[in-house]
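Next up: some structures, all given as structure tokens.
Across the two complexes that follow, chain A remains constant while its partner is chain B and subsequently chain C.
Let's look at the complex of A and B:
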């Protein structure tokens, strides 16, 4: 921090100064090296003719390194949020880092509320969070839109003025026809410049001081929720190709990407004075019912308690509790029977799908923001955007019912529209729901949960909007 | 309309939204609305169809005509309007009747009479995501840009 001169702005929390914004990013490959919150160890390959290798394997067999510390996290079921809450900071960090379980209750995904709050109150020890980066980007976009609105308005006035001139003089002052396209900013700007150089009216002198390379939103980063601003994309390419008539010494400022980076640096410029604030943690890691059940039943690293009791719930108790709380308002107590289970319930249908994709290695998150049931991430949300949006459709072929989703075309169409905007493929996941007879006696069987889940059959159909004019190859 | 048990879950939803508004989105002047008397001092103390929240967002939520850009940039922003927030759960089945009852309870917005009543619907899902929608009681002028 000491070498930070007037011009170079070093980010707080990153003491290896003059750094490019790229190196600010933590190494997610190391942080999220484990895909599950379990300790795995690798035995070297067994070489039968090498006695040392055999001894090594025998040693590992008798003294497996994980026996000593099997990790068990504790979560508490909350009837208010209808989910499982984890509050121990160590467990929260572990569950997030090893497999992206849960969501910070006051954050977008990773629990960062405490950090954000500390930064907001001026604490210098913590680094920037992803929410702040998004906020900056959105603010920039807002500014850009404001600027665009201003330009449009000016252009309109300009045209009106020119028309008035025409009416007075009787003849056109410039041969160029005036085209008003409210959508394309850059066309407006070019027009503006053309008009200015041709007519050179003394009207509003401040107009020319507006830089041509207006900061457009950074295009390298796609904002998940908004998708690529296609309008901005076209305008950038035009900015670069457009006439640079009033290029000042600050020529590189015309490259939109660089303008953005510069902005990011100036905003993070801070006086390096140590400041500590104490904030009470208000956030917890919230596991959905499916996540909690998977961690308890399939991975076996989570114990779930209820309010007023520290005794962890058994799997069958958990199942009953979760089935009751998978609809709103929740079903009353003792309305769900485990021995005479009705397989057509929201929790089991959702869980079957969750278990299916988690077992295949996808990181599964709720997709309410994209109007789907689940989002599928390859490796995890910090590495890539979600590739697929999953719509769960229960199918009752075994119930002797007619296959009818009960939805209209426009329902599906709007969902594919939303998801193609953010470059996701919609997966229709049909869950073949067993009848009560199919699963009868599951609770008396050995490993009955497995037998129960096996009755749910899953079919996937990938859906994508096809635009004949665009996808010719 | 709601049973005692259902009402307690609606209160649970509201506590989630309240903390979300306060801690994640920095709303201020948050007030819980339980009865008609909370909306209008002269009204009877009958309970509202659904518990709601009244609060002030950090920025104006919906404004079809943004303040003219020439003057707003440097000058102080006007105070954002107070908003009514209705917490709902993602798995709920809501009917037109519910919406109508919610809007009927709200006071008419002051000023020009083409302003529609407005609520912010806070949709809660199981992973603690709260998705907010702005809902008007009728057609309004669309937002620019």
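Let's look at the complex of A and C:
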């Protein structure tokens, strides 16, 4: 889901934005050096000939400073989106940079809405965003396909011309029906014309990027009084603000190139000065329930509140809440209790798998885009493409339930097909779900949650297509 | 874009040439004198109205017909005959000639060669063997004096039930035609001759003992730690949600990830035979020095399933499948971690037959627990600086709130 942010940064072609310097690939090794939003402890250098230093070190050895959890972030559970919202800008930045947690509510993965918006309004401080690069690449691809179709058409015309010549020359002997040929040509031409005109509508695909049906804040800031504030260091202040804010509010990122070109045209006649735009942040970070629970319970850097209260929830309450909201409509409050837990719950099964791969060092993101449950990234989405797509298969062998009730083969075939197209390996992750008796009394035990998770036995099976013609050596 | 130099999943291994439409003009090279194999062109999926296209289509079609029309001849010298013995479910070969017997059939102690039903069908179908009904005394007309030959249809009708189903034969023939050497899994064979093989095919049982020892240690260990911990941390007893990374001083992230690990007890070993999910064939890659008597361990284990009566295997079925296959040694470990994860220590190839269409899938026993990723940042020295990418952190926006 975050492919673009990784791959796009190195994409060439920066010709449409002459006002900004060529965007260099940021050093992700530094930005994303920390895999967890927790601070490491670095001991001060030991100076052997200084007794004070030795004493200090001895002291630190026996009483190490407890400073790993410097910041505790706050999130709010939103029952409507079934996610946990983080709104503090510092927290959003930290959580994304240190472990790739969550996604921007108005972005594909990294929260970049603010940067995109500022860039759209002509702010000179912001470099090209990954979404723009992706769009540019897609446009290039579309152009390339158009060009290819044109060449094919030309080639076809040439062949036809040659054959028509031949037919005219040898018409007496060769009775080829030219009429049929002509009809086919006309059909083909019409088709190609249709193709061209379809490709000439750049607006179409972008409209899809506007999220539908979710209670998100207004996409564009058109109200100049509070949101948009053009600090006109350029000479033409109001005149310029007019056309910029006039662009349709329903499609904010529709024609960024046009807007940029407009600015470039006007500023090129004058002195190229910096332009600063203040835009109010309208985006927040959305954490999935698994991510939120991992950060709260396992790492311990997140506190989660509910709507209408500022008091953070206890982990046990949080677990209950997430279990209830693992399906839609949510389970009634009375049906879920920590002491009499039903282990066959979507949240618990998903979390067991999520925790399993996170604890092994993988960055786990949702994989709906590729029809799998999770995607596994090595180090993170900005470094590599996801290598594995995880399919969670619950197993009820301990429940004594009937076997052979699994999914149909064609279901698996379609998923492996999709994933081999994007160079991912499908991983079947079998989760042996414990029965209620197996986990009885876990909530009174020390580290009971860990024991509960351990009851979900996990077995990974990697799936690959095997082709006889390619395995003979 | 692979930044770590890691190879992507889709290698040429994954591209199946047989998916492409065949251009039969290459057969012309075989049937006619001269001619060269035409190149693969661009997609021709619709008539473009040119004679060029229709001519090449005609050429291809004609080439196919020509190839099919060629008279196939058998010399009397190479004639191989066999008799089908329904009581034994095997075919007795009278005289063995030809290269095929290097990798087919099995000889008993008297030196008589016997063929499995799928081997028989395969050979009859490709015209390498002529099969006869068994000589039943009294039934055969003495005046004729010879046995009755079987048609291909008759061979199918008489022997298919002994192959274990049409799907199995289809997979067998598919693999044979691709050049592989295919033998049945010796387990559960109906004939003694095919029960014994000259190689180790079952997993060595040392792993089982390992489990037991481990299990004992694990039980004692968990008992010990439980009593120890409950006594030691009486103050915090009964806190099920103790954070896995409590606030403290950590020098590396690996230290924290170790705390995040959930130790899982080894699953009880349950190898249950399953009617559908068991290894059907042992498969060897084609090699010139293959010996039937000493083939060595098979390269692949193939399980044939039909979409008619199976679905995605359950955990028990997968465990049962893997349980019958020995693990590869550590020395054979692939270099790349991703490859190690994808191939696992052992794998089964599932041949899923959907009414004649076979798709092979390799199920590999991945062990993610054995491959922990490096979580600590690479050592210092990385060039470049962190650019100001997000303005909410340092821009004017921060001041406003």
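Here, the second predicted complex is superposed on the first by the 315 of 473 C-alpha atoms of A that agree within 3 Å, B and C clash if a C-alpha of one lies under 4 Å from a C-alpha of the other, contacts with A are read in each partner's own complex, and residues count from 1 in each chain.
Just so we're on the same page, a residue touches a chain if its C-beta (ideal position, glycine included) is under 8 Å from a C-beta of that chain, and two chains touch if they have at least 3 such contacts.
Model, not experiment: these values are computed from the prediction.
*Asks:* Tell me which partner A:412 touches in the superposition: chain B (first), chain C (second), both or neither.
*Replies:* A:412 sits against chain C, while chain B stays out of touch.
*Asks:* Please indicate which partner A:135 is in contact with in the superposed arrangement: first for chain B, second for chain C, both, or neither.
*Replies:* Neither partner.
*Asks:* Between chain B (first) and chain C (second), which, if any, makes contact with A:327: first, second, both or neither?
*Replies:* The first partner, chain B, only.
*Asks:* Mind telling me which of the two, chain B or chain C, contacts the most residues of chain A?
*Replies:* C
*Asks:* Classify the contacts of A:275 with the two partner chains as first (chain B alone), second (chain C alone), both, or neither.
*Replies:* Neither: A:275 stays clear of chain B and chain C.
*Asks:* Give one of first, second, both or neither to describe whether A:103 is in contact with chain B, with chain C, with both, or with none.
*Replies:* First partner only.
*Asks:* Once the structures are superposed on A, label A:87 by its partner contacts, choosing first (chain B), second (chain C), both or neither.
*Replies:* After superposing on A, A:87 lies clear of both chain B and chain C.
*Asks:* Look at A:40 in the shared chain and tell me whether it touches chain B only, chain C only, both, or neither; answer first, second, both or neither.
*Replies:* The second partner, chain C, only.
*Asks:* Pick one for A:445: touches chain B only (first), chain C only (second), both, or neither.
*Replies:* In the superposition, A:445 contacts chain C only.
*Asks:* Could you look at A:31 and tell me whether it touches chain B, chain C, both or neither (first, second, both, neither)?
*Replies:* It touches chain C, and chain B stays clear.
*Asks:* Of all the chain A residues, which ones make contact with chain B and with chain C?
*Replies:* No residue of chain A touches both chain B and chain C.
*Asks:* What does chain A use to touch chain C in their complex?
*Replies:* 6-7, 10, 24, 26-27, 29-31, 33-36, 38, 40-43, 64-69, 89-90, 92-93, 111, 114-115, 118, 125-127, 152, 156, 159-160, 163, 176, 180-181, 184-185, 188, 276, 278-281, 297-300, 314-316, 319, 355-362, 378-379, 383-385, 387-388, 393, 395, 397, 403-413, 416, 420, 423-425, 427-428, 430, 432, 442-450, 452-454, 457-473
*Asks:* Along chain B, where are the residues that touch chain A in the complex?
*Replies:* 5-6, 9, 12, 15-16, 19-20, 23-24, 66, 69-70, 73, 89-92, 123, 125-129, 131, 144-145
*Asks:* Give the list of chain A residues in touch with chain B in this complex.
*Replies:* These residues of chain A touch chain B: 79-83, 102-107, 113, 117, 145-150, 153, 282-283, 286, 288-289, 291, 326-330, 332, 346, 365-366, 368-369.
*Asks:* Enumerate the contact residues on chain C facing chain A in the complex.
*Replies:* 1-4, 6, 8-10, 12-18, 42, 47-52, 174-175, 178-180, 229-230, 233, 236-253, 256-257, 260-265, 267, 270, 285-286, 300, 307, 310-319, 338, 341-344, 349, 352, 354, 359-369, 371-378, 382-393, 395-398, 400-401
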